[in-house]
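You will see subunit A twice below: alongside subunit B first, and alongside subunit C after that.
This part shows the complex of A and B:
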């Protein structure tokens, strides 16, 4: 006890002492520091192109768009600072709110339906399927088709007057998709199109993850008397969880900036009822030449995407932490 | 036994060959022209300058100026966007751009070189021959900023074969007749093709404006009066809604675009449509159309109540050539403008399908003989005017207008309420 009282150095003080150069070792530590700085400077020229690239194509334009969003400007007009007025204008615009709701509906429905389909297909393929190679090519094919071509194809197939799919449905006395007349049908066809186009992306992620699950785990589950459904719930689903989250995260962000499917299929019509946020932004920037509100819309989109991503990243980190234990 | 030949080359031979080759390349005649004029336009502006009947109409100018033309073409809206973007930069490589007449607001006009001084120094041939209304559209704040080069005046096209099949002897001469015939012409043709009476794009203000004008109304007048006669607009939209309800407008009306109109008429899927007269050649092109020579055009009809009292004011859209303020060689650009606006080139472009901006072109016998719609186009052009005047929020006003029109035609909003909403929503956008 007395020794402790005689030398009452706390842990924090000891740590502080450790970080201070002790007599005799200063030149060596300084030399080490110099080496580290020299090494870092040596690496810098190799890293600089990447930083320059990131700065020039992401960081600087992002700041520029941020600055634009605080000004009103158009062609032939000098920008005028308006503070947050553009954000207020966009957020109170009924057309933006409708576009946001449409985007939300398409994102939630399309992404989750796509995930369910991709999961089912991944399990089907992993379980063994006759003609697997051929079917794999067929499933991946939509990803090899350009979006513009795909939409042109769908417009033709689902033409409300003479489209082969429409005519076949009519011949079978089934209801047809009146996507150019009924707004909800317009949203449905956009959701179907985006699922068809992006299903290969989600499928590839889940299929690869499913193939990575060791077969022994299924054998062990079988030995323990697990049914197929129990194996799926207790083995497949937990182990596919991280891959599913990654797929969801990417697809949420991609789907949120959905543009070409809507623009080429319906142009946001009829009467702007299928407009999504990216189309709203396009109209503001390139049709109305209102760069301030367009820039504000862009930043609102970024913030919403970040919020969406943050939720999933949080879940991923928790899962990562859980696995670490 | 096979014999193999071995090709060998010494270092000295290699060096000599390389030097000789380089010398020959360096000494070859220079094929490229000394100057290049970069032009931003729609594809159609480039193609009308070179047709099978006329050859390359720019050849003389290129030789005389030792200059090449480099065209960069876009669809109308992206073209205007790119042109304004280029003109907003400190410097642009483009010497000439093509602008639509409803775009040059006071702010936009500032981006382009006033041409009055050039016109005074090196005038365009017989300048007074260019339609004054089109020159007016390119004059902003008293300054001439563009030289008219093309107009697209809307006419009523019909498929004569389909009219004959239904026993209709002549195209409609009043709007009421048009509605009646369009309903009759909604049938399945002998060929088995389902036909609609009328096909219209829903993404352009031109069509509802024409229907309102047929009743003496308008959307926005040149002096910025919004809906000068709301009842006329209501009547026009009621007619469109009745046509849609009767199936005489396609079910896909809300997503039909300009190019669809051409295809529908060429394929015999629609009996009537409204398109610029300049589309006549394309609609009757035997390589594309199922009815070459059978698709004809007349003036869009006015309502029976106004027939003989007021002329129908069809919609005309015109294009002008401008020189960005920040362009390099403006003298070269002006000389190109002068050449394209000359009588010879205007006539040549008209033969190639361009809407001619010179009154004298319509009087040319060769042109009249080559273009069966020339006479009717000239007559319609006399009373035609733009769909709406240029102002900073014109594009937004058009979008609102079309949204309300679609809601009314599809039956999602009563016509009266839609017209009232057009007034309420567009008024704040008009210049004060």
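This part shows the complex of A and C:
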């Protein structure tokens, strides 16, 4: 299942062979080495496109931005080495701190709310529904919508003057979202929008994991006299745990890079109050041409993402080890 | 007991209705408003019965010719990125599926990790390079960027799909003296068509809808449809909602239908892609 441990047995055998060198085996080992070199050369054309793309477009630029973050520069300016000064500048910038807090709020609130909704929906779907295929397609629909179009929809639906949702809320005497000038309302609408766009992803992960739980477990629980709530707590939750963790980490990583929704909805305004980290980076880089601080922000983003990614890989590995093919 | 059941069923019905409204209402609202007469668009409460008109579409054609250039650019970039990502992923996925070793398993982890690096972090270092190579505002730069952000997921997906093809098939061909390339093309490729579709769904949806890279790296010649729509939203002299809804409809309908038809591959790809890394 998991290719991280592509083939544990051969790995172990190979290690054993290596640790017991026996006289007279050298020609065979040389032949093995030759085979391996030939193999590697044979692999090259197949692996090259993927790795050349990744190295030249993601990895090298990511390291280059790390180097840029230790320098100060702008358009047409030679970079000057400044050590960690850019990091100090970014970390003490109130605008950055505000952006980081906003990002944190959106990541924590939106992602967990989304997970709870997805879990409820996955259980509802797994319980059997009439017309499940149509419902599945309906739930997936927002996945197909671009951020730009989604923002256009939501700006209209929640327009403070003419939006149908705003008017419906008013008619019901409920509070309305003044998202264009109340910062917290701006964050709420961005969080809602982001949940709307990404709920299909989280739902599919949890739904697939729920379907993978064998039905016998529920029958056994029923025979033992477990209530619905008990079988949820003792069967569903523990078995869905890993999938929930994976969905959660994935969504942390993707919510953390949130840019388009914010940029198109509020442009980070009013007065930079709804900025998130990615928007802060964009402003520094392309509006203020402060490449040093922008690069420091970028490298901070990369580091946090890699930290989350490490957690993700760890979980995958543990799972792969638990039921290694 | 019966009352309990009735309540449970009623609750489920309400839940389903809420889910449908949540997922479909915003989309349906855009589609509907794109054929609403201008005077009815802002009616309160919203009108669901009206005389449909193609007025906004005619206005879109008359005033926003650039939107259709954008659609063409989106199409070129989407097709290019999908082809590149699929070819690269199938080739690499084949090796990852059929061979093992320390280098390969380490680089599989590398694939997972690299795809989690935030795209905006690399726009800054790439910007001067792209300018220097005179690639800014070209289809090629978007094709390369979009494909790159999906080749790692694509490779891992193709590996899980190729894993399901019995090894005996290609070992037999290997004994017959077929090259790896021939085996891949004539034996593996036809069997893993579903995997290719799964990878394609991801790239198509992403490339067709992407905003950030298009925003940073294109200006006029390669400007994609989402970018043109974002200009309509940010229009200084007020948003013309009728035209905007028409443009949004044209932009979203093809990819919505595509996802609808391909939902099985999307589900397979999403769950395999996230959990089988």
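The working rule: the second predicted complex is superposed on the first by the 283 of 325 C-alpha atoms of A that agree within 3 Å, B and C clash if a C-alpha of one lies under 4 Å from a C-alpha of the other, contacts with A are read in each partner's own complex, and residues count from 1 in each chain.
Definition applied: contacts are C-beta pairs under 8 Å (C-beta built on N, C-alpha and C of every residue); 3 or more make two chains touch, one makes a residue touch a chain.
Since the structure is predicted, the reported quantities are computational estimates derived from the model, not experimental observations.
Chemist: Let me test your reading of the model: by the given contact rule, A:162 touches which partner, first (subunit B), second (subunit C), both or neither?
Modeler: both
Chemist: Looking at the overlay, what does A:144 touch: subunit B (first), subunit C (second), both, or neither?
Modeler: Only subunit C is touched by A:144; subunit B is not.
Chemist: Does subunit B (first) or subunit C (second) touch A:77, or do both, or does neither?
Modeler: first
Chemist: Now for A:287: first (subunit B), second (subunit C), both, or neither, which partner does it touch?
Modeler: In the superposed model, A:287 contacts subunit B only, not subunit C.
Chemist: After the superposition on A, what does A:306 contact: first (subunit B), second (subunit C), both or neither?
Modeler: second
Chemist: In the overlay, work out which of subunit B or subunit C sits against more residues of subunit A.
Modeler: Larger number of subunit A residues touched: C.
Chemist: Classify the contacts of A:252 with the two partner chains as first (subunit B alone), second (subunit C alone), both, or neither.
Modeler: Touch status of A:252: no partner.
Chemist: Do subunit B and subunit C land on any of the same subunit A residues, and which?
Modeler: 162, 286.
Chemist: Looking at the complex, which residues from subunit A come into contact with subunit B?
Modeler: Checking each residue of subunit A against subunit B gives 74-77, 159-162, 178-181, 265-267, 269-272, 283, 286-290.
Chemist: Any idea which subunit C residues touch subunit A in the complex?
Modeler: The touching residues are 12, 15-16, 19-20, 22-24, 26-27, 29-30, 33, 42, 44-46, 84, 87-89, 91-92, 94-97, 99-105, 107-114, 116-127, 129, 144-145, 147-149, 151-152, 155-156, 159-160, 180, 184, 205, 208-212, 216, 226-227, 229-230, 232-233, 241, 244-245, 248, 251-252, 255-256, 258-260, 263, 266-267, 270-271, 274-277.
Chemist: In their complex, what parts of subunit A are in touch with subunit C?
Modeler: Of all residues in subunit A, those touching subunit C are 1-7, 10-11, 36, 39-40, 42-43, 45-47, 49-51, 53-54, 57-59, 61-62, 64-65, 68, 120-121, 124, 127, 129, 135-157, 162, 164, 167-168, 171, 196, 199, 201, 204-205, 207-209, 242-243, 246-247, 250, 253, 256-257, 259-260, 264, 278, 281-282, 285-286, 291, 294-295, 298-299, 301-302, 305-306, 308-310, 312-313, 316, 319.
Chemist: Going by the contact rule set out above, which residues of subunit B touch subunit A in the complex?
Modeler: Those in contact with subunit A are residues 77-78, 81, 84-85, 87-88, 105, 107-111, 194, 196, 202-203, 250-256, 269, 392-393, 395-396, 399, 403-404, 406-407, 410, 412.
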